[in-house]
Every structure is written in C-alpha cells, then in structure tokens.
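Chains here go by letter, A, B, C and D, matching the order in which they are written, and residues are numbered from 1 within each.
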Amino acid sequence: MVDMINKPNKGPFVSLMTGLPGGGKTFLGILLVAAFFVPLSNTFLPESSPFYVPTYLVSLMGKYVCFALLALSVDLIWGFAGILSLGHGAFFALGGYAMGMYLMRQIGDRGVYGNPLLPDFMVFLNWTELPWYWFGFDIFPFAMLMVILVPGLLAFIFGWFAFRSRVTGVYLSIITQAMTYALLLAFFRNDMGFGGNNGLTDFKDLLGFDLQATGTRLGLFVASLIALALGYLVCCFITQSKLGRVLIAIRDAESRTRFSGYRVEYYKLFVFVVSAILAGIAGALYVPQVGIINPSEFSPANSIEVVIWVAVGGRGTLWGAVLGAFLVNWGKSYFTGSFPDAWLYFLGGLFVFTTLFLPKGIVGTAAVWIEKFKNKQQGSSPMQAPVPVKEEQ
Amino acid sequence: MLGLSKVAGVITGAAMLATSALGLGTAQAADDVIKVGVLHSLSGTMAISETTLKDAVLMMVDDLNKNGGLLGKKVEAVVVDPASDWPLFAEKARELIEVDKVDVVFGCWTSVSRKSVLPVFEELNSMLFYPVQYEGEESSRNVFYTGAAPNQQAIPAVEYLMSEEGGSVERWVLAGTDYVYPRTTNKILEAFLKSKGVAEEDIMINYTPFGHSDWQTIVSDIKKFGSEGKKTAVVSTINGDANVPFYKELGNQGIDAADIPVVAFSVGEEELAGLDTAPLVGHLAAWNYFMSIETEENDAFIKQWKAFIGDDNRVTNDPMEATYIGFKMWTQAVEQAGTTDVDAVRQAMYGQEVKNLTGGTAVMNTNHHLSKPVLIGEIQDDGQIETVWRTDDVVVGDAWSDYIPESAKLIADWTYPYVCGGCEKPMY
Amino acid sequence: MLSTLHPFIQYCENPVTPMRITIKTIIAAMLFLLATQGPAFADLTDAAQGLLSKKYSEKIQATEAIADFGDPRSIVLLETLLDGKLYATKSDGRLVSRKKVSDGYQITDILTEEDFGVVKSGDLTKIRINNKMRGLIKDLLGRLTLLNEDPALRLKAANAVFKSRPKEMAVPLRDALAAETEEDVATAMRRALAALNFVHGETTTIKADALLILQEQHGPEVKFLLNGEANKIAALQNPSHEIQQFALSIETALARIEEKLAFMAVIENIFQGLSLGSVLLLAAIGLAITFGVMGVINMAHGEMVMIGAYTTYVVQELCRNFAPDLLVYSLVAAIPAAFIVAGLCGVAIERSIIRFLYGRPLETLLATWGLSLILQQFVRTIFGPTNKEVSSPEWLSGAWEITGGLALTYNRIGIILFAAAVLFMLLLVLRKTSFGLQMRAVTQNRKMAASMGIRTGWVDAMTFGLGSGVAGMAGVALSQIDNVSPNLGQAYIVDSFMVVVFGGVGNLWGTLVAALSLGVTNKFLEPYTGAVLAKIFILIFIILFIQKRPRGLFALKGRAVEN
Amino acid sequence: MTMQLKESAEQNLSSILYLDGVSVSFDGFKALNNLSFVVEPGEMRAIIGPNGAGKTTMMDVITGKTKPDTGDVFFKGAIDLTKHDEAYIANLGIGRKFQKPTVFESQTVFHNLELSLKGEKGVIATLFAALNDVEVGRIMEVLNIIRLTEKAGDLAGSLSHGQKQWLEIGMLLMQDPDLLLVDEPVAGMTDAETEQTAILLRDISATHSVVVVEHDMEFVRALKSKVTVLHEGSVLAEGSLDTVQNNQRVIEVYLGR
C-alpha cells in the first residue's frame, strides 16, 4: 500500500507544489512554449519558414484557447461534482457581453452616427440616454469586475435556488438549458439594450491598443493562454484539495455525502460559481479576438457542444477537456473549409464514435491503457479523479 | 504519472501541429487561377436560403470558365461552410482571404453575419459582394451591396398600397422579426407614414423572435386591428423560416388579400416553394426581381439555372439576381482593370453597368449600392409572383436613409472628394 | 362540361322566365353607373379582348364591360378569370380555357366553346389579375348571381354584396330578398341590405333601422362598418341633433359588439392555447417514451419528427404522381407511413447505438446529438436544404365560423384531435397490450424481466421504435403548420424537453397536463407581453417550478425515486 | 393521552432518541402511522418488520431526509430533529448506514474515511484542509477496526460487498456519532462475516447508541438487544426477541393472515 499513508493530505498548496495530476506539468509546459513560440514566430520568422505562424492562425488559436477555458470550467463541475450544465454558454456569453460593453464604450464618437455617449444601435433605436446598466463600462477595471461578477452572480442565484431545492441530474440539466434559452430570447430583444440579434460589434480598440493590429492579437493570444494556465491551476487547486474529494463524493454518492455531514448544496454552489466565473473570463477574452458578441452564444446547442468537447477529451481529467475543445474545434474549422457539404457527418460521427468506443474520452481511455500496461509491469497506483464507476443517475 | 504526461505531450503536440498544418497546407495560391470565395451557410438555420446562392455562384463560375475564364485564367470557387454561426463567418472570411488567397468573396445573408465579417474585410482590404436586401445604414469600402436598400423596396411598396390602385390603405401593421433589418425598415416606414399624415394609432408595430411558429395570436390581432373601419394592410419584414407558418395561419384564418393585403420584403419564390399558395393569392411582395418576368435575359437565366441544378422545379429569386449582377459586374470590372487587385477593381466597379434580368440596366454607384428598378407583385396560386406595378425608372440605392434624422445628413461616396462611407463633409 | 359547372347557363337556355327581366333591371342599373366611363366595347368578344391589355386600368374597364353585357357567358368568363384559369394563345390572342392532357393542353375558346386542339404550355399566356380586379370581379359576379338558382351561389353573392356595398344594388337586392325562399340566404341578404342602407341610406332613419339589424351581428366586418360610419360622423363640422343621436346609438352598438368580441376573444384564446398545447404535446409525447420511460436523453428526437414530416412529403409526392385522385387522403396515408419510417429509424438507432449505452444517460445525450447532426445533413443531402411543400387537404383548410368573430381554423382543430388520438392510442398500447406490460416490466426491473423470459433487447428496440414512431406521427401534424426543412426538429427539441421535465419524467399524464397548461398560459400571456416575453416568462416559470417540485408536476414520491 | 404525554415528556429529556406520534404519507400511502418509540443512551436496539413496514422511512425521518407530516422527533432530549437537514443532523452526532452499501467508489478506502472524519465541514475549511497526525492516527485505528488496513490504498469500488458494508460502518465511526442508525448491515454477507459484524456492532454499542434494522433473525439474536417490531408504520410489539417472536400479532403479520 500505502502511499496514502505516506502521503496524507497536506493541504491544497502542498498538493499543488508537489505534483499536478497526470500530465499536468507537461500540459502547462506546452502552454508556456506556445506562449513564447507563437509570438516570436509570428514576429520574427519569415513567412516562408515552415515554423511561421500566420496571424490568421494566431486569432484562430486564441479562439480555441478561450473555448478550452470554457471546456475546463464545464469539466470542473461535470467531471468532478457531477453537475451537467447544458447552459454554460450563458456564463461565457455574459462575460463576453461585459467585455463587449467595454469595447463598445471605447468606440466613443467613432461610431457611424458619431454619438460620443451612445453606441450606434441605441442612437438607431431613438434612445436618448444611456441605460443605467451601461454605466461604468467605459472604465476597464469596472468592466473586468463585471466579467467576473455578472456570471458569478447569476450562477450564485441560480445555484442557490437549484441546489437548495435539490434539483439534480437531468432536471438540473434541463433547467440550465431553460436558463440559457431564456437569456437567448431576452438578448435577442432589441428593447433589452444589448444590440439585439446583431449583438455588439464594430469594436475599435482595447486599452488603447488597436484590435486589428497583429501585436494586439498576439497579446490577446498570450493573455488567453495565461488565463487558461491559471484556470487550470485553480481547477487543480480545487480538485486536489479535500474539497475536490468531497465533490467527487457528491458526484458518486450524494446522500452519503450529506449524511457524512457535508452541506452538499454549498459545495455545489461554490464550484458552480467558480466554474461560471472561469467561463465568463473565457467569454471576455473571446470577444475581442472574434470581434463580435451576439445572442447566438446563448443558444442551447452551443452549450451542448461544450459538453461534447469535454466528453471527447475525457471527463474529469481537466486537460482532457482542453484537448477535447482543441480537437473538436480544429475539426470544425478544418472540415467546414475542406468538406463544406459533409462536415456534419464527420462531426456527428466523431461524437457517436467517442461515446461508443471511447466512453471515457481520449485521455480517460489512454489512461486506462497505460494503467493496464503498468499493471503488467508492476503494482497499481490510483489515479486522480477517475471516471466514475457508475453514472450518478 | 510519467506515462500520462507523455501521452499528454504527444497528443497536445499533435493537435497543435495539425492546427498549424491547417494554415500551412493550403497556403499556396497558384498564379494561373483566379479564386472566388463563397461564404454562404450550408448548414444550420440559414442553409435554407443561402445554399441556393452558393449554387448560383458556382453556376456563374462554371459559365465563366466555359467561356474562357477571366483574364485568360481559370476561375476557381472556394466554398466554405460558416454553418449559420456568426463568429464562424469571421473566421471563415479570414481563412478565405489569408489562407486561400481568394480575390473576391460572395457571401452572407443575415445582417449579423455581414457585421461579423466586416472588420475582417476592412482589415485585410478584400472585397465582399453582399446580395441580399438589407437595412442600409452602412457603406463599407470593402463591400458592394447588390441587394435592395430600404428605399428600393419598402418605401415604393408602401406608396403603392397608399395609391388608389393599391387599395388606398390608411392603417398599417408593421410586423417583423426582431432584428436589425425589420427594426430599421419599420423605423423608416414609420417616419415615412407619419410624414404622409398617418396617425400614430393607425400604425401597429409587432416584433416576433426568429423562427416563430405559432402565429395564431398575432394573426387574430391583425384581424382585429383591421376591423376598425379603415382599409388596413400588413407590411411584413418577417424573416425566412417564420414565413411559412405565418402564411399558413393567414390562409387558414381567411385573411383575404382583398381585405387586408400583406406586403412582404423577405418572401420570394424560394420561400413560397414551401407553401401551398392558393389561399395567399393576391398578397404582395416587393423586390427588384421576380422569376415570372419575361425577358430574354431572365428566360436564359432560368433555363441555365434549371439545367445547372438538374431540377425543373427549382425557382429563382431576387438574391440570386443580385448575386448574378454582382458577379457580372465584378468580372467586367476585373476585365476593365486587367487585374484582380482589390483597389484597382474597386475603382473599375464605379459606374459599371449590367443588364438586369428584369429589363433595364443596373448601375453601381459610388456609395457601393446599385441603381435598380423596384417591382411590386402579387402572389399567384402557382407560387410565382406576378408584377402589378413597377417603377418607371431605376431607383438609386440609398446607403443612409433620408427618413432617419441621424443618417439623413450622412453621405456615402467612395470617390474623391468624399472617399468615405458615412460623413457629413468631404474628407478632402 | 361548362353546363355542369354553371347551373345559370341551364337556366338561361329557357328564356321565358320572369327572372330574366330582373337581371335586366340590375344590368340597367349598372349600365347607368358605368356608362360614363372608358371606351365603349362593341360586343362581348370585343370587351373580352380588352383583357389582353398590359395595363390594369384597361383590364378593369374591359372587366366591367364584360359584366355590363349581362351575357350568360360573362359569368363563365369572369369566373374563369377569377380562378386564374383564363389563358390567351400567344399566336392569335384568343381567350381560352385549358385542360391537361397527356401531350400538352387541350384548349377551348372561352366564348364560342370551339375546340382548338392541343398546344404546349409555352404557347399560352395566363391572363393575370391584381387585387383590385379580384375584388371587382367578385363584386360583379355577386351582382350577376344574386338570382341564380343555386342557393350556395346566391349566398356567396349576398356576401359579396355585403362586402362591396354598391349603392345601386339596393333595389335589386330588395327584389331578390322578396323572392328568396332559403332562410340562411335571406338572412345574408338582409344583412347585406342593412349594410347597404347603413352606408348609403338617404336619411338617418333608414340608417338607424339598418343599424338595428346590423348590431345583431357581431363579426369584425360589422365592427368595421360601424367604425367607418362613426369616423365619418366624427369628421362632420356641425352634426345635427339627429345625427348626434345616431352616432350615440352606433357607439352603443359598438360597445355591445366589443363586449361580445371580447368574450369571443377569450374563447379564441383558450382554443389557441389548447392548439399550441397540442403541438407541444405532439412534439413531446414521443420523447416522453424515449426519454421519460427509457431514460435516453434523446437529442435526435426532433429529427424523428423531421423524418415524419419528410415522409408526409414523400407520400404526398407519390400520390401526386401516381394517384392524383387520392391526394386528398395522402395526409391520412402519411400517418402510418411516418410511424413506420420513423419507428424503423428508431429501432435501427437503438440496435446500433443506444443499446450499448443503457445506464449511462448522459452519454446517450452525446451520441444522439451526434446522430441528430448526421440525420439533418442526411436529409439535406437527399432532399436539399430548401423547404418542401406539404399542401393541406381541403378538409384541413380554412376556418369554422361558429359565429361572427369566432372562427376556429380546421387545421388547428385537426391537430387538437390528432394529439388526443395519439395520446389515447399510446395509453392503450401501454396499458392494455402485452407489449405494454413487458415494456413496463423491463423499465422497472430489467434483470427480473429477463429472467421471466422477456426478450429485453427486443422490448428495448420496440419501445424506442414506438417513441420514435410517435415522434414521426407528430411530424405529419407539424408539416401542416410549419416548415418542412432539415431544421424542423431543432425548433422543437428544447420545448419538448421542457414539457417532459415539467410534467414529470416517465408520466404521460404529466406530459399532457404540462403541454396544455404551458400552451394556454403562453397564449394568455402573449397579448400582454408579446411572443418573446411570454416565452421567457414560461421558461422562468419552469425553472422556478422545478425548484418547488424538483421532479416535475406528476412526480412519484417516496422510495421509488431514489434510484 | 395527557398522562402519556407527560410521561413521554420526561422520557424525552433522558432519552437519546425520542419519536412521538410521527406520521408520514406519500400520495395517500401512510408510510408511518403515529409511530412512537424511544431509545435510551447507550442502548442497542434492533428493529424488525416486514417489507413496507416503514423502517427506512423512519430512518429518513430521524436523519432529516423526510419531514414528518405530524409528530415530534427529539435527539438527546431537546434537539428537535424535524427542524434540521441531513448535514446538520449528521454533525449533531447521528450516523447512518444505508440499506445498500454506499461508499465513494472512485476514491480510496483511506480517502473514504478521511472524508467522514469528524470536524469542520464548511466549504472554505474543506478547501484548505490538511490532515494532522492525530487524524491520520484515527483513520489508521478505524482501518484496523474494520479490517481494511491492507486495502487502504485501493479504490472503494474494488471492494467486495461485505467489505463495503464494513467500510461504511467505518465511515460512521469516523464521524464519531452518539447514535448510529444501521440499515441491514449484513445483507449479502457470508455467515462468518455476519458473525463478525455482530461482534463489531456489539463492541460499538459499548460506547454508542445503536439502532439496527435487520431482516436476518440469527443476526438479531446475535445482537442480544431489545427488539421493536414495526408494522404498517407503527410499533406492533417491543421487547426481547423471544418475547416478540411469541407475540400472537407478530406471528400473524409475519406468517400472513
């Protein structure tokens, strides 16, 4: 035995210092390399070099990195606490809108109607003054605070009700879907003051940096990578702590956890809010890189897709979720370009294949193989947050 | 632990390499072809409308190649699927321009998709042809708008209905999907109607979400609104999908075109193809093109289209004509400029003339909008729209509406001395 | 052929009837009015040639002239024109009607009934009419057929006069009313006469008398009339006392009508709510089986609905091409066809994918999502991305006018009945058949059921097939009110899940109550909030409701729900 | 009734668990019907009864999972259990073992016990929690009691059915409760395991109050405790096993009417 006894829980800081879960260091290493290599390559290498990363790819990867952070946030609640949110896109979009509102205010009088205070779409709707909820968004720190607060608060209120009422399983999934669907419809309304179907667009600059400039793109790309790395560390910190094990306990046997004296609803609420904040940050980084935020980000289909990224990569493995986000989105980019008429077959087929043949996702399945391989050679050792033996429902 | 981290490294590395390969694999553009990007959704909600336009571009390209190509080069269409996903539109636009190195792009349908790709085209100084009727209030240096602006569709239609021939309508329902095109159109119409002395209480405005399918209440409301003793008409800016259930409900609730005519700006032959139009005979549509128009050009175009698509029942519609005109103009401008260079072609575009399929000549103005005739037609029981009224002359597309105070003062003119898409005084 | 279509002609072949004179009176009245307008036409043929004009104003003159001649052939001509079945030959501009034959169209001169043989469709141009002409022709036909011997036509004529209210028709209408024997036609004529008098009456007394008759009716048309008159009076500079009194009585009548209409509106609202509820029920009921009973989070459910709708399309096309006589029944034939096609798809899906995923409901979500993408694209590849037309049979078109102001559309009534029938059949299958028993046994305790000799795999496949088949049948109904496009299913999937979850997973009654209550609530909210906000409120309501009852409306309590 | 109430009020103060007139119904079905009974501190009590007698519902009521429609439930004389939720009641000192062994299958045996450790169970405290030597010692001690020291590093999911039952009892011990509610602890165990379990529970009852629900009469006999028979949601008989086994009504209920 008994590395558990030799290595009892010394608290989350110690856990984080002494070792990340399987593959974590390599993962962080890759992020670090990318953070250095991509900007250097884009800036200094000639276009003809095989290692040159074109600006087009920088934006694309920046977008993927934001999706990866979103996937990570879903994995934190689904993989570890068993909360399947089919509405996480809502938090992503809210973070995005908060950032979009800042970027809108930055346009100032450079809009087509030249109104120094009101964004174009408000001028257009005959609004004469800025609605109260747009106040303060011209101040960057305030906007960033909102990026965290708005999704966090929504998650807190929603979670407070749902978890206290012990809404679980499919019921929870469906009401998260109802939440994002209701928000989708609400944001579609032009009267809401968020630009309706077109959303917020036509951004000019961020903190004085021109959004079209390659330098800004590189900066955003690196910022996204840093956010992803930090997000990953936060997730590791949580999942490696005792709290992480309580979450897994909740996932596997909720009543047992309750009868062991844990207020399950608070734990769920905590992790749900953390996850929503991560999703919000991802959204905020996403918006300046794609240049638009509109209600379609709230669509239930988008949220379901995020869950699929996690499932493809491997639930409960953290960096597996990141991998899943990269793979699926890269697949989407590639196939929509190369097989515009058939790409849905590939994508749909991938999902079916994954569930049938890689039920634990790519990383989970790889881990099982390695485990088997190791077992042949030596004794066994437990894994971090293994995929649950049985489903929670 | 070691094993897992190796897997992590290998897989993630492979993913990154593969991602790079996406960029690098197709980056070379051959010199002997001219590439045309096609950026229309082939899946998702907009596929219903946009796929047709993709096919239209492919047909034009095919035709061009059969006739010896352009500038002695072969023309190649690069088709991508932005999947009705607006940010994906921006990504795909960038891919087309930066990776595939296309010389021009034909694409977009919804306003939001156009807004999404606009910064990309401006940043990379490429050229987009946008073939759909839209809300105006925009003129980009990098976009040519070949669909109708509000003054080429909405205003003439309302004027027609106000006329004796159109039924002397006094009361108006402005029903639309809640997005920018109907909002703008209705705003312009409201201002226009009020300027014609229509009272506030004689205008009812109603917005519904995308894909709205239960029209019972709204159609009942329209009926009630129309029973107040004044001749009433509905001006519909309801978008795509929602039209079929709307018209089905209209037909079933027995709203007769003779009592309450509905004039639509987003309903063409293609939308009607999904409907039994017998109960809808007499309702109106305003466009710059109807398939039923008998001209030599149109007959040839319809014949070519049916042959290309291999289906005798397929219809043609206004955005297809807009695509046709845009494509023709671009090829003419390229030939005139002798190059596909964006700046040179843009200069050559101004004043470029193409014969409309409906007769007369379309001209590209310096505000990047076309001069086209406006037609008003009535829906027939065979799904066709028959012209009942047309402007005597072509109407110049207005980028900025005269009926909106903020935009009435703006001028779009991309030639000297203005050189701007929306300013009050010349730049130079 | 023509004589069977138009009883009027039969009647005209016998010239010695007193009615002939009456018609002449009408025509004389009209001639008086029309004589001053437009160019004179020598005879009917000449007038008919006027229809070939490109200008609608000229066509209108020709139309009026055709009616003026009062020739029995005028009616044939005008009816053909109104139906859009009047053509002109391109070669010599003859007005003809056409009939489809195997190698083209058999054409017949509309006036002489002379046969011109068979031509191609390209040789003919359709004589187009616009809204204004359409209204005019209806009006003219109404006047011409007011004394027709077919009561249905007389009724139509009376209603046409009611709508157009030509002043000069007062006298002929009174004569026709005097000769009328059918009670319902007489009522319509009385109404039309009242409308005429109300609008054109010389004295306020006549108008007030007309008002007394009119106010008994309470349709929106009457409201339209009354409002119009009220508007006119309001515009007068110095109305006399009498007129003011009259205006007051109009106001009273309007208030009464308004009251009745408000009551009708409530009934209409309930009906619309029920019909929306039935649509939700139809969309959700298949899901209540695949998701509710089997626990499969079936994201491809919407695609089963879509497959049902496309099956309807295919059945209709087959009918159209091979058995055009049966076209009216194609919708009925499509119901079993859609059930079988979607059901077989369901069985295939269950056997190839779902059966490996039992006990892992969240993974069924992913697999079926992938599947739904594939199915959408598959349909897009086969049928193309554009909408397909599924026409409504005659018996599902139009509305049932119960009383003025309350009309229930037949297709909505059909959907309510259909939803009820589907629910009933499903309950029957689940409660009364051995398959239903086996199905419940398997879902409650798979191992026990297996050991009792039930082929659980077969039951699973059949159950999933049943759920999918029912979804397919829903597709038949939805093809009547919505787009038949590859996206059809996507539009209903979220709503379907809401309904099933709101009602309580695994409970068909719950699904029924949930669907109907959501539908009715939505329709009652909509007039106040608009469609979007109504939907948002409904969603928020569901979210809050689930807090109160975390397992839906009809949830089992106690131990059974633990696992 | 008034007499009874006064009497029960006195019992109330001295008892560790006190139920009076508890009724619960689900959709018209009365799971508990005016159930009253008392457990004294340090007592071991066995509860038997046919299926549907209300045994598990009674446990649910005591542990706060189900709120009774009527009736009082008091712990340690004065604490009204109907006002609290499961987690609070667990921290008060009532541990519960489920009918079906429920452990955290994807975590190790050691972690299972660590999670059950008595102590601060707030979110933030748990996030920063670290084990000290005393706590490790306590875990090792319980591992020893439940004979799973060798399996400390194994996943709980890999244990045999009997071992899972033991692990769950061990988890209860980690909570160091004053009252243990044990639902069918020997279901699916071998005879030898059953015997060991009985010994274990007897040992535990030396320092804790224990309520055991069980079907296995041999096991109940081995517990050597007072027995309460439940039937249709209320107490049918109470006393030693021999007394109740000879009770005419109990025989009727068990053998059928």
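Keep this in mind: a residue touches a chain if its C-beta (ideal position, glycine included) is under 8 Å from a C-beta of that chain, and two chains touch if they have at least 3 such contacts.
Note that the structure is predicted; figures quoted are calculated from it, not measured.
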item	value
Centroid comparison with subunit D (C-alpha atoms), farthest chain	B
Selected pair, greater C-beta contact count between A-B and A-C	A-B
Rounded Å distance between subunit C and subunit D, as computed from the means of their C-alpha atoms	65
For subunit A paired with subunit C, centre-to-centre distance based on mean C-alpha positions, whole Å	47
Subunit A-subunit B separation of Cα centroids, rounded to whole Å	35
Euclidean distance of C-alpha centroids - subunit B vs subunit D, Å	72
Sequence positions of subunit A contacting 2 or more other chains	185, 188-189, 341, 344, 390
Set of subunit D residues in contact with two or more other chains	none
Residue numbers of subunit B (touch at least two other chains)	42-43, 178, 207, 209
Footprint of subunit C on subunit A - complex, ascending	84, 158, 161-162, 164-168, 170-171, 173-175, 177-179, 181-182, 185-186, 188-189, 300-301, 304, 307-308, 311, 341-342, 344-345, 347-352, 354-356, 359, 390-391, 393
Subunit B-touching residues of subunit A, taken from the complex the two chains share	19, 22-27, 29-30, 34, 50, 53-57, 59-61, 63-64, 112-113, 115, 121, 123-126, 185, 188-190, 196-199, 201-203, 211-212, 290-292, 294, 296, 319, 323, 326-327, 330, 332-334, 336-337, 340-341, 343-344, 362-363, 366-367, 370, 373-374
List of subunit B residues in touch with subunit A within their complex	1, 3-9, 11-13, 15-16, 18-20, 22-24, 27, 42-43, 79-83, 85-88, 90-92, 94-95, 98-99, 110-112, 115-116, 118-120, 123, 137-138, 178-180, 183-184, 187, 207, 209-210, 404, 406-407, 410, 422
Subunit C residues within the subunit A interface of the complex	295, 297, 299, 353, 356-357, 359-367, 369-374, 376-378, 381, 490, 494, 497-498, 501, 505, 532-533, 535-536, 539-540, 542-544, 546-548, 550-552
Touching residues (chain side subunit B, partner subunit C) in the complex	42-45, 47-48, 51-52, 165-167, 178, 206-209, 211-214, 216-218, 220-221, 223-224, 226-230, 241, 244-245, 248-249, 251-254, 257-259, 261, 270-271, 273-276, 279, 281-282, 284, 378, 380-381, 383, 386, 388
